[in-house]
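Residue numbering begins at 1 within each chain, and the chains themselves are lettered A, B, C, D, E and F in the order written.
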Amino acid sequence: MAMRAVYPGSFDPVTLGHLDLIQRGSRLFEHLVVAIGVNAAKTALFSPEERVAMIRAETGGLKNVDVATFDGLVVDFAKARGLNVILRGLRTISDFETEFQMALTNRTFAPDIETVFVMPGEKFQFISSRLIKEVAQVGGSVAAFVPEAVARALKGRFTSR
Amino acid sequence: MAMRAVYPGSFDPVTLGHLDLIQRGSRLFEHLVVAIGVNAAKTALFSPEERVAMIRAETGGLKNVDVATFDGLVVDFAKARGLNVILRGLRTISDFETEFQMALTNRTFAPDIETVFVMPGEKFQFISSRLIKEVAQVGGSVAAFVPEAVARALKGRFTSR
Amino acid sequence: MAMRAVYPGSFDPVTLGHLDLIQRGSRLFEHLVVAIGVNAAKTALFSPEERVAMIRAETGGLKNVDVATFDGLVVDFAKARGLNVILRGLRTISDFETEFQMALTNRTFAPDIETVFVMPGEKFQFISSRLIKEVAQVGGSVAAFVPEAVARALKGRFTSR
Amino acid sequence: MAMRAVYPGSFDPVTLGHLDLIQRGSRLFEHLVVAIGVNAAKTALFSPEERVAMIRAETGGLKNVDVATFDGLVVDFAKARGLNVILRGLRTISDFETEFQMALTNRTFAPDIETVFVMPGEKFQFISSRLIKEVAQVGGSVAAFVPEAVARALKGRFTSR
Amino acid sequence: MAMRAVYPGSFDPVTLGHLDLIQRGSRLFEHLVVAIGVNAAKTALFSPEERVAMIRAETGGLKNVDVATFDGLVVDFAKARGLNVILRGLRTISDFETEFQMALTNRTFAPDIETVFVMPGEKFQFISSRLIKEVAQVGGSVAAFVPEAVARALKGRFTSR
Amino acid sequence: MAMRAVYPGSFDPVTLGHLDLIQRGSRLFEHLVVAIGVNAAKTALFSPEERVAMIRAETGGLKNVDVATFDGLVVDFAKARGLNVILRGLRTISDFETEFQMALTNRTFAPDIETVFVMPGEKFQFISSRLIKEVAQVGGSVAAFVPEAVARALKGRFTSR
């Protein structure tokens, strides 16, 4: 059976760590869908459309990678798309509790969909979207953590406020 | 000395993991009071009255179990009720930091009240009220995690919004 | 049902942290048996008889505490003695993996015997028998970590070598 | 590119947790080689031949699963066999340090071979070969943790000593 | 090169644990600046001026300790002041993820500024400003966790609400 | 007061991670003594003299760094040498339990000697002497983890056996 994977997340915004994992996923799986969770109850810095455009701009060269949004359970999105694997990054600095809870909960909903964890490159082990937003908010440079276009977008967002 | 215990928590809502721990507590202790913390500063999905009713409905068969609310320190509640043990669940997926801080802080306030940790059944190791609310909010089934009546209440709460 | 507990361990040698937990256990439970695991495959510094004598000497004032040895599964020992609780210490510095594995394994063997975890006093959070032996071996003072008689025994053991 | 995986380990002996992971791996990957590490410096309870036979007996029905031994670096074994993925189990009770070190070290040696982590079923989260041997050694039943044939082999091994 | 350090934090309010670390820092470093982060996006219980005054009142006897506020990146503050070390407390109960992320992120921004971690005294291992505010809010005594003047200020703050 | 530090360890053998930390320490402290623990009860791959020579060869350019051996408590060594700081590396992949136990134990023995933790560079976060020996033993290349001379010594050691 061919492995077709979904890589779910908030991607608010996408980081170099996310992009490293997307590249690894595109090599591992026949098809990879980057799925941006859109939860009406959570406030995000960038709109779903902005986040889709950011990831598309950086992954254009990867033929087997798609970008989409979803607003329910990730397992329902996966079933509707015929995807049988959930890809998640595993960092040495990581919120294991949330990762394990999500993986075991998703297995309860869909035993046939397997969550697989892959480690990003070591220089991305400590990057998180939350930290990047905090740095950008106080005027720090985020050039080492996100693509150039995202760095510009972050600067514009916090300056215009 | 007879061991009389309080099992404090938010129970917003009660889960099968909580109920598993209540059953274990009812076997361990002469008397067990399930104490719902009511903090004016925290917003809950269900009212204190709803939460009391939910737990009562599921624990009716346990003669030595009571349900109550409290709004100060749990050690003050325990002293007022003559309870000498605080019961807490300990999961392999768990926020140890918060648990240890609470236990050591409570010991500072009341050295004679001992916090004891018990593990819920292994199939409840990854269930949390927060996760259940997130699943219910996006329309997922929570039947595997909460009693039937609670599942109905969650459905009603999020549909009516 | 009265709670009668077993507190299993190697106690090679008993530390002030162990004794703190024994005192807490003697207050919590109707009866407490300190059970020294005797595993032919593991080499210990002190003989089972020496370890029994050390703990007896320090717990003589606690009427409901017994000391014994066992050489099989702790759950078999507990059943034979009519004990329904396994007591274990839980430190912020602790080998959680081993503790959780033991607790869940013991529950597989004996679902009616509950493992309860209690925290020792904060000044005992970092004491371990292994560390104490390492300190004594290089001639350091262990007076802050073990009873006076145990400190003397350790000194004699390492000097006579 | 088709994913062909190696699942390395000591398997001394194979447990129900290992077999659960092998089944998950056989569904995820085109081909899966269970590779038993044979290190002259480490003493094992069962010989490499016995361990191969044990795993073969339990995985006979899985057409795309092979069993082999190796005695150098797992990445060299993978390259020689044309395998591009290393499969490892990830348990909530787990030695993360060793897992992360191995994964990052292997990536240093072979950047094109990706380590992917998969969670075994929740009832296998706390099973380990080490614990099973300890239980069998003191005469406890390991029927809940290993296949029937392995349980018999363990009994024979410890009785005959 | 003389070591001149910054100890950054929210200090909302300062605790006995913070003061213990300030004393250790004043012994380790030639100069120590306690730097109160002032982030417009985060709501604090005490104003920056109140927090400065609280820390000054308790550290008056330490000649080489200054107190200041900052509102950007801590590394920019350090550079502007000629400080070459960032001091952070490391507790056994601690949010390692956030600490490691901050330390590695700050090193990306300023490779010449080293983050050094020091452990507070063991009786301060579980104290946190967040927990203290929660206790004060429900009317509990915080006398064991903060200086007397801070305890009075907390009482006034929550009573007057 | 000038900070004079000891960096204790086994260094069997010294790794690039150790050398990274020695360089950081030589910048932080007026004087740094790398102290090789020599414990008669522990078997090492390299003799104390070999380990001293290896570290000296790599740190010759650092004027304020000395190398020595010690065979008792590190705090006794520090006192005898007039050193007031113990330096330890802190990795995201790390045995925190042992580090915290050692730091708190050493504080019990010598309250005036402070243990400070510093993070090695991120590319050294997963390197350990134990892992390096395992890799060398099975014939793998350790060139990425240790200085060239140490790599040669390891090769010679395992080939000659």
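The definition used in the following text is that contacts are C-beta pairs under 8 Å (C-beta built on N, C-alpha and C of every residue); 3 or more make two chains touch, one makes a residue touch a chain.
The structure displayed is predicted, hence computed values, not measured ones.
A.B. asks: Just to confirm, which listed pair, A-D, B-E or A-B, duplicates the contacts seen in E-F for more than half of them?
C.D. replies: A-D
A.B. asks: So which has more C-beta pairs touching, C-F or C-E?
C.D. replies: C-F
A.B. asks: Using mean CA coordinates as chain centres, what's the gap between chain A and chain C in Å?
C.D. replies: Centre-to-centre distance between chain A and chain C: 47 Å.
A.B. asks: How big is the gap, in whole Å, between where the Cα atoms of chain B centre and where those of chain D centre?
C.D. replies: The computed centroid separation for chain B versus chain D comes out at 39 Å.
A.B. asks: Give, as an integer number of Å, the spacing between the C-alpha centres of chain F and chain D.
C.D. replies: The separation of the two C-alpha centroids amounts to 34 Å.
A.B. asks: Note the residues in chain F that touch 2 or more other chains, in rising order.
C.D. replies: In chain F, residues 92-93, 96, 100, 104, 122, 125-126 touch at least two other chains, as defined above.
A.B. asks: Considering the complex alone, what residue numbers of chain B touch chain C?
C.D. replies: Against chain C, chain B makes touches at 1, 3, 24, 27-29, 85, 90, 92, 96, 100, 103-104, 107, 114-119, 122.
A.B. asks: Of all residues in chain D, which touch chain C in the complex?
C.D. replies: Chain D reaches chain C through residues 93-95, 125-126, 128, 131, 135, 137-141, 144-145.
A.B. asks: In their shared complex, at which residues does chain A touch chain B?
C.D. replies: Within the complex, chain A contacts chain B at residues 39, 41, 71-73, 76, 96-97, 100-102, 104-105, 108-109.
A.B. asks: Given the complex with chain C, which residues does chain E contribute to the contact?
C.D. replies: Chain E residues touching chain C: 92-93, 122-123, 125-126.
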